[in-house]
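What follows is chain A paired twice: with chain B in the first complex and chain C in the second.
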Partner chain A sequence: MSLSRFLLKRSLHGLFVVWGVITVVFGLRVIAPGDPANVLLPPNVDPEVRQQVIRELGLNEPLYVQYFEFVAGIPTGDLGLSLTTRTPVAARVLAKLPATLELAVAATVVAVIIAIPLGVISATRRHDPADYGATVFSLLGISTPNFWLGVMLIILFAVQLDMFPTSRRPVGFDTIVAQALALQFGSAWDALTTWLWHITLPAITLGTYFTALITRLTRSGMLDELGKTYVRASRAKGLPETLVRYKHVLRNTLIPVITVVGLQLGTLIGGAVITEAVFAWPGLGSLIINSFNARDWPVLQGSLIVVGAGFVVTNILVDAFYAYLNPQVTYD
Partner chain B sequence: MADEILKVRDLKTRFFTEEGQVNAVEGVSFDVRDGEIYGIVGESGSGKSVTALSLIDLVESPGRVTSGEVWYRNTELAEEFRDENPEAVDGEFVDVRRLPKGVRRSLRGPSFSMIFQDPMSSFNPSLTVGEQIAEAVEVQRRARANPRRTRSRTQGYGLGKMLVDSLVPSKSYVQDASMDRAVELLEQVGIPDPVDRADEYPHQFSGGMLQRAMIAQALAGEPDVLVADEPTTALDVTIQAQILNLLRDLQRDEGMSVVMITHDLGVIARMCDRVGVMYAGEIVERGTLEDVFENPVHPYTQGLLGSIPDLADPAPRLQPIEGNVPSLIDSEMGDRCYFADRCPKAMEDCLQRIPEFDAEKAGASDDEHRVRCVLAERQYDESQALHDGHFEEQEVAADD
Partner chain C sequence: MTDNQSHVSRRTYLKLAGGAASAAAIAGCTGGDDGTPTTSGDGGSEATGTTSSDGGDGGSDGGSDFDITITQGQMPSGLDPHDHRETPTTVVMLHAYDSVLSRDADGNITNALATDYSRVDGENAATFTLREGVTFHNGDTLTAEDVAYSINRIVKEDVGFASPQRDQLAGVSGAEAVDETTVKVLNENLNPIVFSEFATYCDVMQKAWTEEHDKSYISQNMMGSGPFQLSSYTEDEEVVFERYDDYWKEPAAASGVTFRAAEEASTRVNQLLQGETDITVNVPPQEVQRVNNSDNATIAAAPSTRIIYNAMRYDVEPFSNVKFRQALNYAVDLESIVENVLGGFGAQTGQPTLEGFVGYNPDIDPYPYDPEQAEQLIEESGFAGAEIELNTPVGRYLKDLEISQAVAGYIDELPNISASVRQRDFGSLVDELLTGNIEDKPNWYLIGWGEATFDGGLVMTALLSAEGALTSWNNEEFDSLLEEAGNQTGDQRAQTLQEANQLAHDEAPWIFLNRQFSVYGVNNSLSWQARSDERIDAYAISQK
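Moving on, here comes the complex of A and B:
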């Protein structure tokens, strides 16, 4: 099967998954306690006004009609109006998406850049101090909670050492790209440094668990591969150790690691809630928390649907990439 | 008589595990001559595969070749190291174990090569078979172009070069000429449509075809000595015969020497000129094929031969050797003949260490039939026999 057919087929599957997400998200609103009208209206309001608001929101309709209208709106990009700001949900969610993607990608890049060399060193120098160091680091990384790490990094690097800002995202990556495309390299450079300066601590906070995970995966995967007979056969035919280690062993180790990286990237899109809260990072995570606290159901639903769709898309891409890397897997 | 290409002397390989020191190879000596097939036969766990790996310096941690000499005839190396390292040179021979690590590594391919038991796991599943054979060709091409660099730690191919090669699409470690040679090699080992098959992955090959491909890979460096570790064990019986014929034809055409390691006495009988029988890390009997197969002296060899069915004279029951190969853990190996506890002819003298083959000390050729057993010099004497259960009682005594 060709790549394009594979992508088409998987996209169709993906649509069903997204539809499932939409249905669950809709169902959550239905079963959750708290009437949306209460969010909008002060207590002790005139029952007639209350009825009118309920009619305006369409909440008086039977459930199946509400469901149908909710689902039918989504392909046109209509996720409804925010209860608190009365602005379109889709616009609000999309405005927050870049910040979240930036943070997720930055965390992944930090993780991969640190974790893969660390895993390789750890596996090739087994029982060496470097190996023990890497093992301890990954154990600590996996067991350190995000919120604590974020706060500690702020206290140390932002407050005490004053090396990084404590929070916020004054400039987005889209701005940098726009300036670079407009050939304003000076201001693009300034924007880039500001961006890097602000994203460093959140990216480390979000990426630490992930770094530790990938280090462990790389280490154990590589040890596994190094024990295989083809490694011995490669050495027996006189291949330089560089080639044995990187062209053969590391490449095969990374095939499963890349799958995890891809899936984890999908999780990071929705899972940065705590990190975003700690660093006041204006992404989807903050939006989800805020809309949840405000009982702003349409925004919450919209955010969750976007997160779900993002997860599905990364999954499809990871599978396609996996089949590309591993000749034993075909696009079936 | 042909000259020796390889003289192995008192080779010892140990594994340092948590359970203790394992003496996998315990003082093995044998010679391999130009253009001969030397057989090493033994049960699983007798140390024959580790012997093979020790020969080409591929024993991996926690294992290590701890002592012994591997004399390899190579005039160029002998000249090169005669002044620098006189201990490592003896006439035309060099002791591979005393050469620097880089030189030892550079011998893999053009001097020694190895084929393994299971072809499916001996190829990298995510590269094409052609590319993997071409790599073996390419290593030697680069080595010829620049022999000195080949001995460096990275063999002239560091991480930086590799990164450039993998990132620049037009560059690659393997050059086109090597790929063409790989196709030739595939053809030489009898793979049909070698051009197409070179672009296929290992899982698209059958076991027999892949074993042929592995032989092609091992031939890429035109080795003087090919070590074949159970080359047919993982294959169907019909394919086994084909692979053995192929190996023998190639060995004759290329004039190389083969060390054939197997548990299969049939393979030895069919292929080998001379043979060594291994037990518990030692060679217990050796000589020409006829000597060992027609007149076995060591009770272990007799037992091995007795456990194959004979079509001409079908015995009512095959005679297995009772018990298993000992654990080889140093502390449990006592000072006695290691086979005594399974030996039907064990005598009191067997509780002492059996002396080395005397020929080794004199440095004479090992063409003679030699046996590491008290029975080599005298007859079995029932009055001195150990009573049944002698070793079990000792174990019980030790446990108390």
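Moving on, here comes the complex of A and C:
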């Protein structure tokens, strides 16, 4: 099967997954407690006003009608109106996407930069203090809850040491790119430093668990590869150890690591909820929580469609890339 | 108000109260993290006024150059002043939009756009005389047409849309401009609370601007006559205002105000301590010391208009027994809860009406902590051995879960009763409370209620009368006292309401808990007094 056919087939599968997400979210409406009108309005509001608002929001329609109207709008990009702000859901969700992607990518970059060298050191110096140090770091990273780490980093590096801001995202990466394209390099540089200054702590917070995971994966993968016969053969034919480790062993080790990194990126798109809340980072995670608290179902649906689609896309790309990296895997 | 118009039937009174009294909201139906409330409601005793005070304070000779950043728990749901019911949105709105009347920090009615107001003899109507020389932010002069249009936009669906604020102007059927500076408000009936309603609600928009733009545009832009004009708005992120130098009062001292939101209380506090924001809302008790110990911020607190209580259903055993209900009140060490759970940011209550409200009875003390008396009363009630479960929302009100755990803990310590706590999602709890059928309600639950009108009659009507929106109690004597109060004014009405409070205290339909405090963190460089109505008015802020 060619790559294009593979992508087409997987995309069609992905559409079904996203459709499933939409349907499940609609199902949640039925079982989740809390009528949106009761959350939007005070309890003592006049019943007539309540009914009027319910009509205005279209909540009086049967659920299946709301469902089909919603699904019918998706191909045209119409995800309905937010119940709380009455603004188009698609615009609201897309406005949040850059912040979430930035954070997810930054966390991944932080994780990869730290974890792979750490995993390599740990594997090549097995039972050395460096290995123990890396193992302890990994365990701590995997067991530290995000919300605690985030708050601690803020208190230490922002409040006490005044090295970073406590929270917020005053400038987005899209602004930096736009300024650079407009040849305003001075402004772009200022924006870039501001952006880096603000994203460092959230990226470390979000990336720590991930760092620990990749460190463990790199270590065990590398140890596994080092014991294989091709390594012995390479050494026997006189290849320098550096070349053996970094050209052959690390390359093979990275195949499963890349798979995990890709899949994790999909998770991070929807999984940064706590980090976003702690750092007041205006991304999809915050939007999902706020819209659920307000029972703003259209926004919740829109956000989850984006998260679901993100997951599907990263999965497809990872699979495609995996087959490219590992010739033993085909697109069939 | 003329005397011949002062008689209101019980049904009318209850209707008005149930609707307009909405100042409250059982704790912010769209609230922030710590129980950000939903405003609404109004009414109460009414003084027809012809005062000429401008109301409010603050302002400067202009020209000062400092900006203020305010961080709430939630961003406004939009910028249409007539299309929301949440306090965080109200707080943002009051900077760009003026109302006809207003209130000072203590809740007293003051003039705003109107310099005079009175009832029209022989008609169910009232007139407002507007001050001259008021301009909108685009420079156009404010006229009576604009005010009448704004009122009609709220109460008439065909003029605007189905505004969720319609019942905040309960009893108002419309408005018309008599001349350039006179507005006549038409009422469906006497509407004894009309001026009180306009002191809390109805932001005035420019008619031409509003008609010119669609709803979506109005939700993203502002055109009022308030002390600040909109500079920029990023949905879900920030609202930036700059000072309006042609304001009808002295221009604001601050040159600009920025509103942001952080749902996490610790995030807000950290922003404050780092100087990234100047005022934060809902500082939790455990963070108070950190703020006070810092070099650049302090705590400002004010008793809010919100009462926190445990309601008990009168129609189910064992709560149907008055001795049992009284016993639960004696069993709880309220003083300790206020001191230890709330860090002192609360006040004990012993009646439904809060101190400072119309109808507050100063002779009633909170139930004392007396476990022996409680044990004995439970024996006398015949319900020894009962097992009861307290339904509580989590994170809706300040320390709601901790308060519930303490209450259940004290009761469970008694040897002849056992109590436990059931944590509830706020939305599902409210669903059960609002079905209109008492049998859908939990037998015993914690809930809160804010009443921005400072009127005990409205609180008791909504929470304890047979027709109240949230009642779990039914007492004919109590209802007739409220009905009596509905036909009275002034001291006479206050006296009747005091009797109703005494009855409520004795009959103990609730476990009376605490008055919630609004606790803010404020940058030391600013001079600002926290208000009881949970509004943050940047116009009243100056630099020290």
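In this text, the second predicted complex is superposed on the first by the 307 of 332 C-alpha atoms of A that agree within 3 Å, B and C clash if a C-alpha of one lies under 4 Å from a C-alpha of the other, contacts with A are read in each partner's own complex, and residues count from 1 in each chain.
Definition applied: a contact is a pair of C-beta atoms (placed from the backbone, for glycine too) under 8 Å apart; a residue touches a chain by one contact, two chains touch by 3 or more.
These numbers come from a predicted model, not from an experiment.
Asker: Applying the touch criterion given at the start, work out whether A:Asn38 contacts chain B, chain C, both or neither, answering first, second, both or neither.
Answerer: A:Asn38 contacts chain C only, not chain B.
Asker: So, A:Ala233: does it touch chain B (first), chain C (second), both, or neither?
Answerer: A:Ala233 sits against chain B, while chain C stays out of touch.
Asker: Mind working out whether A:Thr87 is in touch with chain B, chain C, both or neither, as first, second, both or neither?
Answerer: second
Asker: Who does A:Asn326 touch here: chain B (first), chain C (second), both, or neither?
Answerer: Only chain B; A:Asn326 stays clear of chain C.
Asker: Once the shared chain is lined up, is A:Leu63 touching chain B (first), chain C (second), both, or neither of them?
Answerer: So A:Leu63 meets neither chain B nor chain C here.
Asker: Per the contact definition in the header, classify A:Leu156: touching chain B only (first), chain C only (second), both, or neither.
Answerer: Touch partners of A:Leu156: none, neither chain B nor chain C.
Asker: Between chain C and chain B, which one touches more residues of chain A when both complexes sit on the common chain A?
Answerer: Touching more residues of chain A than the other partner does is C.
Asker: Once chain A of both complexes is superposed, is A:Val53 in touch with chain B (first), chain C (second), both, or neither?
Answerer: The answer is second: A:Val53 touches chain C but not chain B.
Asker: On chain A, which stretch or stretches are contacted by chain B in one complex as well as by chain C in the other?
Answerer: In chain A, nothing is touched by chain B and also by chain C.
Asker: List the residues on chain A that touch chain B in their complex, please.
Answerer: 126, 228-230, 232-243, 246-248, 251-252, 255, 325-328
Asker: Would you pull the chain C residues touching chain A in the complex into a rising list?
Answerer: Per the stated touch rule, the residues are 18-19, 21-22, 24-26, 29-30, 38, 40-41, 74, 77-78, 83, 85, 157, 161-162, 164, 166-167, 170, 215-216, 219-220, 235-237, 260-264, 266-267, 270-271, 273-274, 276, 425-428, 430-431, 433-434, 462, 469-470.
Asker: Applying the document's contact rule, which stretches of chain A touch chain C when the two form their complex?
Answerer: 33-35, 38-46, 49, 52-53, 55-56, 84-87, 92, 95-96, 151, 154-155, 158-159, 162, 165-168, 277-280, 282, 286-287, 289-290, 294-295
Asker: Spell out the part of chain B that touches chain A in their complex, as residue ranges.
Answerer: Residues in contact with chain A: 53, 56, 58, 60-61, 105-106, 108-110, 113-114, 116, 118, 121-128, 132, 135-136, 139-140, 143, 153-159, 161-162, 166, 173, 201, 203, 214, 217-218, 220-221.
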